[in-house]
Structure formats: C-alpha cells, structure tokens
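Here come two complexes built around chain A, the first alongside chain B, the second alongside chain C.
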Partner chain A sequence: MAEKTYVEDIDRSMYDFRYEEKDAYRIEEGLDPAIVEQISKEKNDPRWMHDFRMKSLEIYNHIQMPDWGPSIEGLDMAHIATYVRPNTKMANDWDSVPEEIKDTFERLGIPQAERKSLAGVGAQYDSELVYHNVQDFAEKLGVVYSDIESALRGPYADMIRDHFMKLVPPTDHKFAALHGAVWSGGSFVYVPEGVHLEIPLQSYFRLNAKGAGQFEHTLIIVEDNAYLHFIEGCSAPKYNVANLHAGCVELFVGKNSTLRYSTIENWSKNMYNLNTKRALVKEGGKIEWVSGSFGSHVSYLYPMSVLAGRGASSEFTGVTFAGKGQNLDTGCKVVHNAPDTTSVVNTRSISKSGGISTFRSAVVINPQAKNSKSSTSCQSLMLDSESRSDTIPAMDVKTQQADVGHEAKIGRISDDAVFYLMSRGLPEDDARALIVSGFADNVGKELPLEYAVEMNNLIRLEMKGTNG
Partner chain B sequence: MEPLLKIQGLSVSVDDNEILHDLNLTVGRGETHVLMGPNGAGKSTLGNTLMGNPHYKVTAGTIIFNGKDIADLSVNERAKEGLFMSFQSPIEVPGVSLSNFIRTALEQRSGKRIRLWDFKKEIEQKLKVLNMDPSYADRDLNVGFSGGEKKKAEILQLLMLKPSLAILDETDSGLDVDAVRTVSSGVKEYQKDKDGALLIITHSTRILESLHVDQTHVLVNGHIVENGGAELVDEINENGFTRFEEK
Partner chain C sequence: MNMTLNRLPSITWYWLKMNNGSLEGVDPAEGLAIKDQVPANVSKSTLSMAELPDQPTGMGKDMTTLVTESKPQVQAYISDRDKEASDPVLLNFDYETGKRAVNAVYLKAQRGSTMTVVEDFSSAKDAEGFSAVQTRYEVEKGATLKLVQIQRLGSGYTFLNDIGGRVDDQGRIEMIHLVLDGGHTYLGVQSDLAGYASSLKADIGYRVKGDGTLDINYFANHTGKKTTCDIDAKGVLRDNAKKVFRGTIDLKKGSSGSVGNEKEDVLMMDDTVRNQTLPVILCTEEDVVGNHGATIGRLDESTLFYLESRGMDKESVYEMMADARVASVVHLIDNQAIRENVENYLAQNLDKNLNG
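Right, the complex of A and B next:
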C-alpha cells in the first residue's frame, strides 16, 4: 500500500491486515449465565473456577459502569462475543501453527524476535493461546512459563488458586468482574528464588475477530532475590464495530527481586481498552512498569503498585499518544504501605488531530509508610490546537514523614525548533516526528532496542502527514 | 564562473515591517564574506531569509543559489542544495542525541544509509578539532550545553554536513577568548576541507582575527552602505560603525 498524506488514513497496514475468521467456536454475543456456563464448559474449568466465574458475573451485574472517565457508551456488551476459539491447538513450534495465524505473527515480527532475543514466547489469537515455547536454558533454571489453563491443572494448580484475582478481586470494578466471568488465555510465569532471567519473556495478544472481546489473564510470581523482564505486546486490525479488551495482570514481586513489565500497546481504533494491572511488592523488591499506549478508541489504564514491604519501590515510565478519535485516559497508582518505600512516576503524553490524552495518577502514602518518597513528573505535548491534554494527579499522604513531589509541564512544538531541524535537511514531517520521538524517549530508552525501534516507527506513522 | 550566491534587489518584511531594502550581494565559491553592522541593522534577518525561515517574508528580489532561484524552496530543500546556518541561539531538543541528529540529517540529505563505523570515526575527529569531549556526541542536542558548547556543536554540524555556503549568525557572540579561537579553527577546517564559502554575520571582529576575509559588507538600517575588503574590518575594529550610521 502506498503512503498516504492524510492523517485520517495513515498506512497502518503493518497492523491492519486481517484474515477471515475461521474460528472453531464463537460464542453468542452478549452476557448471561448461560454464556458464562458455556465458556466454563468449553474451557473445562476446575469446579472452583466455574464457581468463581458465576460469582464474578453476579458481581458484574451489580456494579455500575464507571462514570468518571472517557465515555464508553459505544460499548454494548449485548454485541460483544466474549469467547472466540481459533481453529487450532496450542503448539510449541511455529510449523504446527496454522498458516494464516503463523503469518499474522510473522508480520508482527514475533518468531523473529523469539529467535534473536527472547527466552520464551506466548502468542494469543483471539481467546486462546496458539503458541507457547520456553527456551531450554530458562526451563533448566526452573522458570515456568505456560498458559493459565494448563497451569490450572498442572503442578502449580494450588498456586494459581491462591493468587488468581486475589490482587485484583472481581469486586474491584465493573470490568474486573467481567474479566473474572469470561477470562480466557494469558500467561502464567513462575521465577524461582535466586533466579535471574537476563533475557526477557514475551506474550503477544492479537485480537483478529470482529465484535469480540479479549480477556487474557497474566499471573506472574517472582520469588525472592530474582529478576524477570516480561514484555507484553498487543494489536488488532480495525473494524467498524466496537471490540473490547479487558485483560488482567497480577504481579507478585518477592523480597529483593525486580520485575520489569514492558508493554507496547497498539490496539486498533475501534477498541475499548479497559485493562487492569497490579503489582504487589515485598520488602526491598522493585516493580518497573514501562508502558507505551498508542492504540485503542478509549483506554482506561492505570497500572497499580502496592508497596507492601520495607524499602520496596516502584518506577513507572509511560508514554501515551492520542490521535484522531482517541480518548486515552492513562496513568498509574501507587500505594505505599510500608516504611522507606519509594515511587517514581515519569510520563509523557502526546495528543494530535483532536485526540484527548489524560494523565491520571494517585499516590497514597499510608500512616505506617514513614520515610517514604514519591515523585511524579508528567509532561504533555499538544501538536495542534484542537487536541487536548489534561493532568489529574491525586495525592493522599497520611504521614508527616514523607517526601512527595509533583511536577507537570504542558507544551507545544515551537516553530523555531522545526525550522532549526529543517535547516539541517530534515523535511517538516520528519522534524516534527523527531521532536516527538525525543519527547517520548523516557520510554524509548527503557525498552530493548527492537521495541524502541517499533515505538519510533509507530510515532513516525502517527506523525506522517501532520501538515497534509 | 557563475557565483555561488547572487542576491538581487532583495526586500524582506517581518510582520509587515520591511527590515531589508533592495539588497544586493554576491558570494563566489569558496569565498569568505563578512556582514557587519550595528545591532538591529537586519543582519540576522538576511541569514534567516536565506535559510528560509517562514517568519521572514521576501517582498521583492531574487536569491539565486547554485544557479537556482531558491525563493520557493522549503528550508530542508535549501539545506540539501548546500546551504547551512549556524544559529545565534541553537534550539534544545531533548531525547535526540547530537550524533543521531547529525546522522539523520546526513541520511536525509544524501538519501543513503551512512555506515556507522565511518561516521563514528569522522565525528570523533571533528570533535577533536573543536576541543570537545567525545561524550558530547551522545548527549541530547544542545540540552544543558553552555553558550560556548552550543556554538561549538553548531560548528561540529557544519564540519559534518559540509555545505557549500555556511552562514554564521553571531557565532562569536558571548564566547570567551579560548572558545572564539576554537570556533575559528573549526571554521578554518571547513574552509580548507571543502573550499567552503562563508557569510559571517557579526557585530564584533574577534572571530575574524585569524580568518582570511575576501569581502566585507556593512549593513545599516536594512541597507548595505559600504562594500570593501578585509581592511574594512580593521577600520570598524578601530572606529566602530559611527561613520556608516551617518551616511
């Protein structure tokens, strides 16, 4: 496809291709007990999980839709298929994955990245994982990386039961309850004590089906004195009906361990991304969130860190880019529950062509969290006068002995800067794209090289034809 | 041989105020010209106009560069043609390293990928000429640079991009003696390296002490009031601009 000059129809062909749906099974649209029963049966749930789903559905029916953020009126649960199973079994070599699905992931660069720089890969297509593989060396270290469904029946069944939706209970909010009822797919990772996995694991979530929802569950348990870098990617082709993503991520970080959780999210612009992520960090442990949000029509995304042990820390580095027709409400939450805990938040938001980008954060420092420190810095860049950017930081500090700082900056690209870069030979679009990439470099420099390159490509794609 | 730059009857306005009036100026290949004049004479206006700053509107006249009328060319197309300007106040661009920026610019100009190894070797050599620590290449473009460091970074870009005409807009202003000397040696390197032509805009004469000058032009109130050789620089050095302002 040739490059076009209008923002409205930028060439997203890299993500926008789609295959005809050849699902083996697609559940009826809508949500009622019969549908949840059916999903549970399809997935051959253990009894407790079946009951958990039914209970979650009940909770879902009793919770109000959130009314404090971007409008989700366009999302009608009566028209969302909550379960779509691709016509394949999970494989651990790409050759056993059906051609079209394999081709999808190849175009997204997943098998290539796996060969070069990953210790394990999981690939989900619609509601189920179609590929899962862990390199031998990681397995030998005792690292477990599997789909949740197998883990529910394997040697880690009790561990799953002890942790599943304990950090994000279905009562948390409407879409957590929905997730509890219809979740499918996702990953389970277990890193034993003392194991430093130097090479990242990656899960990629692709929603190909139209008018469907994806509800993958990611559960990661990192024992004491260990290290893990987990990368999550997601994308979908564009349809003219609403799609829904309501995943759930639960992370348990052991004493003196570090977990880095990186996400490049590029859902298509008909997606409602109502995702919940949360980490519980023990004494001396650290959670590092690296988050790039580029896609979706509406996003509600606020990864939360609970600093439960002395000296635990959280670092959140994020960039959000809202273009035409996008209303992205992103940020994070940190709860300091122990002394000497530290949190750092550093975000950039970019809005363009009428896009709305809102940074929303909450820092809670509880009375017992003496000598805790928290600093938040958010910067916004608005690329034109029709775009919007808001900053809503909340702080709730319940001890005198805490050091809390916040800094916000809002700016535009100056004509002088564009002239300066152009005077060295850069065309105007490239000059603007370079300034925006530089602005988003807080995230770029935290990502592994290939992902940083992908992020800069996304920025260039979004910036093409700004002046067209 | 046709001149590198030929400006004829050029008038320029900013926000509807005419700053330059009916200006003529010719620069030959490899020549060094000096444009001097008191503050507010319109010197920087000329530099910005040549480079294509959209803030400056050409209301009359032509600018022929390399045999081509460049009045309608965009800023980057002018750069591709071989024009360069060292900015009076270089802009800070966070998140973009100096070396990445130069490499991107080179690739844009040539349309070809640059071999990283060759590039690294060259930039290291040029950094040396300018007495700059190699670590500057990895720092964000102009961010946190002192005034002198910013000017040196401009000359570094000049040496790497190798234009055929470089406009130095007040490159010596605000620099201490040592920095002026370093910048001068960078400029000399450019002159001999590529037989590069220069239009040096300045209101002082310090940067000119060690450079060979072909022609000097004196700009007062938007008019070129006198043209001469290097001796004009010496005269201004001694007596200032009073004689020209009375004209």
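Right, the complex of A and C next:
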C-alpha cells in the first residue's frame, strides 16, 4: 500500500535554543496596581503615561475574556512576569551587545540581514530593545527609527502622545487593555512627507525568559506621498510553561502613501500570541499586510485596516500553518469608512497533525463608503483527519453602492491537479510537493527574497508515496 | 420569555452583532387551525410534542421551549413506505390580524417514499401579529422529502419559522423557502445529514422591504459519509430592510467523501438597506470539499448598461432584475398550480412597482 503524502512539521530547531536567564531585573509574577506602578517606575514614564497604564489596568479588570475563539484557559496571568529587563543597555552597534544576546540574534540571522538588505534594525530581547540602528542614508532622508521609550522623551514626544493607543484603545478588548497597562519596548518609525524608503526596516522580537510576557508597542507614522516597508519577526525558545505575547501595532498611513507591513511569526508552541495590529489609511493611501503565522500554541491575530480617506485601499495576504498542539485563529478586519475605497484579502491555511486553523474575518462597508469594493478569498488545506480547519468570514454592508465578493474553499490536495501535472511529465511525488508549496506561495511572492526563502524553509515538504 | 434565536454554531466577534437574533417578551400561544389537503399515500395524525423524536432545530433551544410550553397538537404527515405521493400535502396557515399562534408540524418520509409538502403562510397585506411554526422532519433510507415554504405575511407580522430534521442513508431533503412578504422574519434550519450518501438541497429566495427584517440561520450538519449539501440563497433588499444570513456547513469527522456548497447573491436596491452575510465552513475531516461564495451589492454595470441601451430606465431594470432573482427560485417549484399562484402574486407586485 502506498504511503500517505507527508508534509513535515515546521522546522523549529533554529529557534529553539535558549540561554540561561541573566536578567538585570524580573518583576514578580501576576498583575496588580503595584506591579504596574513598578513597571512605570522602571520605565521612567512621563506622568500621562503612568496614568494611562493605571487606567488601562482598571479597564482590563472589567473586560471579560473572549469566549468566541480558541481556549486560553492555560494562560494564568498570576504566573506571567510582565516585565523582564535584560542585563544590558540598548546599543547601536552589535559589538556592544552582550555576547549571548548577540549570539542569539546572529543565529537568527539579524545582523547579517541588516548588512545585506535592511535600512535599519531594532532587536528586542524580552521586555527591552537591546539594539537599534538605522543606516545613514535613511537618517539623511529624515527617517526616524528608534525605540519608543527614547522617542517618548525626545522631540517626537507630543506626536507619540497624540497617537499612542488612539487606534487601538485599551477598551478595544481585554488584551489591548493589558497591553496599555504593562507595555514595554517596541519601535517608533516616522517617515517624512515625500520620502520613499526603498529598503525595508526590520524589528525582531525575541522572548527568552521563561513564563514571561512580551508587550512591545510599534508605532509607525508615514506622512503623505511616502513609502515604507517594515518587516517584523518574532520567535522564542520552547518552555513547558505558558508565555504570552500581547504586542500592539499602530500604523498611520498618510495621503497617497503606501506602507507594507510584513510579519513572519514563529513563536514557540507554548506561546499565547494575543497581538493587535491596526492601520488607519488616509486619502489615496494603501496598507499592505503580508503575514505568515507558523508558531504559537494559541494565536488571536487579525490585522485591521481602517480605510478613512477617499480612495484608500488595503491588501491582506496571509498564510497560516497549524501543526500539532497549535490552535491558530487568524485573519483580518477591514472597515471601509470613505468613498471609493477598496480591499483585497487573500489567505491560505494548512492544518496537519491535529492542528487547528481558523480563518476569521470581517469586512464592514459603512454608509459613507460609496463606490467601495471588497474581495475576499480564503483557501484551506486539510492534510489529515486529526486536524481542523474553519472559515468564519463576516460581511456587513450598509450601502447599496458597494460591491462585495467572497469565496472560500476547504479541501485536500486535488487529485485532478495531481493528474494534470503528472500528464505533463512530473512524477507524482513532485506534483504533490509542487501543489503544496504553491498553495502557500501567495505570501512567499510578496516577501523580499531572503524572507521568502526563510518561509519556504519553515514549510519544508517531504513527499513520500502516492496517497493524498 | 426573552429568546435567543438563530445562534451561529461557531460564534465570532460580538461587535459585529451577527452571532444571533433575539426577541423579548414572547409568551406561549395557542395553535392556529391549519387547513390541509392530504393526498393518497400520506397519512395524517396528531401527536404531542413529547412523542416527537429529539431533534435540534436551526432556531435553537429557546424556540423549542416556546413551542413545548405552548403545548400545540402536532400535525403529523407520514408518507407510505415505498410510495410516491401523487400530489403535495398542502398546509395553509392563514393568519388573521392581531392574532398570536404557535404551531408544530411533523413530517416523515418513510423508507423509499417521496412526499412533497407545501406550507403556505399568509395573511392580509397590512396584518399585524405573531406566529411561530416549528417543523420537524425525518427522511428514512432512500426517501425524498420536498418541503416548499411560501411566506406572504403582513408587514406587521413577526414570524418564527423553525425547521430541524435528520436524513438517513441515501435519503434526500429538498427545501424551497420563499420569503415574499412579512414584517420581522426569523428562519432557522438544521439538517442532519447522518446517513450514507444523504443529501440536502436548499433554495432560498427572499425580498425584504419597508422596515422589514430577515434573520436566517442555515445549518447543514454532515456526519454521514458521501453526503452532499447545496445551499443557494438569492435575495433583494429595498427601502430600509435589514437581513442577516448565517450559513454553516459542518463537515464532521467521519463524513469522508462529502461535499458542501453554499452561496448567496444579494441585490441591494436602496441606499438605506443593510446586509449581513456570514457563510461558515467548519471542517474536521480531510477527504471532503467545502465551498462558499457570496456577492453583495448593486446590479453589475454591464448588465445595467445593456438593458438601458435597450430602452429601459434604471428603475425598471432594477425592478425587473429583482423580480427575476426571486422568480428563479419560484421556478424550482415542481407543482404547476402552486408555481403559477406564486408567479401571479409576484407579477402583481412587479406591476405595482413599475406602474405605481
């Protein structure tokens, strides 16, 4: 009897190394006003930020846990350390970063990528940025790329205060409130009007500490007629206790500007990834989300685009691979708030070895969004009957003058497609390998080459035998 | 009682307000006297709710509680084994204004039989009132049950139309739901495709107008091998109408070889309407195929341009296309007399809209 086609698990070996924790400071586990006070003190917050944290904690305590998604019963905030400061200060050259931390990022390929293909890099280790640098040419263009804490006290302090958690208010959901209370680290990017930064910036988030949370805040402001590609990577070694990631990304895209936000997420399988990402797009602007979700034990991840100006647009391209022990609830939200806005959603998900993959989306066309168009396509591949794959797309259309389309498909590897490729001379194993790798190619082709290669390495296929 | 109705089997964000419908202050009520015509090869009887097989329905537990507490006499229609009923079973629910009624119907297509049942819900055009009907069905091995529902209720009527049933090996359930007029309508359907190669075909045609609302929950529950479902909804919204369509295909583990398809096509006629669509596929089996698609919005520009170039004004084009959308579902009714009756009803309405 022929062997069943086998798709290997995500190869996580390059992410699963870890070093002994030598933290300079680790806050006690749990969440109460004293802990939030202590974080605020450690961060030397301005008064308004201190008050904001305390208010967010109050909101957190009043909001219910979500009951519509994957179970997060295994996450006990009483056993999460919300702030872990590594034993180093932020540097802007790798030689000044402590050896073990530098080695971590070397093994993840960050300094190499910076030399080859990036205009700037930020590297966060646990709760603090340990490295931040922007290339001279980008700085000369007026691009600001710094850690958010420094920016809070610098010339952009007012700008940050005007934008911080305005797109994702703490009232949005329980983990947005948690983020507001205990956030630490993250990046601030400012791209002035008319600047096209052709080479991407990247932030990499590494959570090394056991039983800890990472709550970085990314704030990007792209002024009018500008362009930025921002890449975000994240990983962690695996522990036998829960870790938590509840970051927040707020993106402001100016008139006729484009912001591409790419993420390759490969958290370890003990991670609860409850991240919130949102973009506000002005007239003629465009947000492009490229999202690869491979890691985490549980994920709730739905980047949201608010199309606020006439002619604004969004594109969401995503791939999710849920393997053993993973419950990945991913998708996106789009709100059309202005006339002539367009949105395109194109996703793929693969479930195997008991993994659960859910595509969840919402497209809302508000009454003022005349002549708006939206198209959603989601496809899911089931590789065995131990797994689960769901699609839950919602559309809410409040004006006649809109065109909204949606299509979805769940299935296994198509026998017809295999037959067709075989009739063109490909051996069956190659035909199946080609189909599965091609299935996720919607994301790969949107990434810079180096990252597409990394993604393909993540989805390593091993095809044996003939059964689909 | 306060009722939660048509709850989505797999809920999503609460802020969308699409997970379920709700009704407040609903009390049990007596049943309406149903006028029926029963053909040869179908037997009629009366049962109590307790005698019915336990079967989940699309509208959910609160509806079953309402019906049970109303203690209706269940009208049961059972087709003879291995026989095809020559004519449809006709059930006329003729509601008066100001009335409240709760009814229950039980349909059983016995092994190898074929039965068509037409449920016609009607009232005067401007009638007000509340009515709830729960229809439970069983389709035995190799049998076919065709259920046609025609709703022509007054604009002041709140109508709860709840269905739940089970289909055995190689059985088939075909349903046509025509929501032509009414105030606030709730339609909930759960079909359990439990038998090998059992199948469901559902066609829904609706037009909602004025301040009317339509809340649909359609659930195809695939547990048997090689089961198929095709759910096709077409509708028109005008004036201040609001509609939510929740369609779920659940391809459960063990349903290998099954195929589920669903699609919805919504024409929005006025700028003050609201359409919510939630087409869900749940899948825990590898060897299956699930598809869904939805198109929502106005008439496509090329069709509009073509018909305008043939001398029709925009309003007439929209009226005609709206009518055609619902008529395409009406044409699926096998019985000529019933089909023509509904076509005439639609024609009168089209005439009025075009000529005032």
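Keep this in mind: the second predicted complex is superposed on the first by the 427 of 468 C-alpha atoms of A that agree within 3 Å, B and C clash if a C-alpha of one lies under 4 Å from a C-alpha of the other, contacts with A are read in each partner's own complex, and residues count from 1 in each chain.
In this text, contacts are C-beta pairs under 8 Å (C-beta built on N, C-alpha and C of every residue); 3 or more make two chains touch, one makes a residue touch a chain.
As the structure is a computational prediction, the values presented were derived from the model and not from experiment.
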Next on the checklist: Is A:441 touching anything from chain B or chain C once the two structures are fitted on A? First, second, both or neither.
Outcome noted: first
Checklist entry - After superposition on the shared chain, which partner residues are touched by A:425: those of chain B (first), chain C (second), both, or neither? => result first
Checklist entry - Which of the two partners, first being chain B and second being chain C, lies in contact with A:416: first, second, both, or neither? => result first
Item to check | Partner chain(s) touched by A:240 [first = chain B, second = chain C, both, neither] | outcome: neither
Next on the checklist: Looking only at chain A, is it chain B or chain C that touches more of its residues?
Outcome noted: C
Next on the checklist: Touch test for A:397: chain B only (first), chain C only (second), both, or neither?
Outcome noted: second
Item to check | Partner chain A, residues of chain B touching it in the complex | outcome: 51-55, 74-76, 78-80, 84-85, 87, 90-91, 93-96, 101-102, 104-106, 108-109, 140-141, 157, 161
Item to check | Residues on chain C engaged by chain A in the complex (per definition of touch) | outcome: 10-14, 16, 18-19, 251, 253, 256, 266, 268-271, 273-298, 300
Item to check | Of chain A, residues touching chain B in the complex | outcome: 414-417, 419-428, 430-431, 434-435, 437-442, 444
Item to check | Residue ranges of chain A in contact with chain C within the complex | outcome: 67-68, 360, 362, 364, 367, 380, 382-385, 387-412
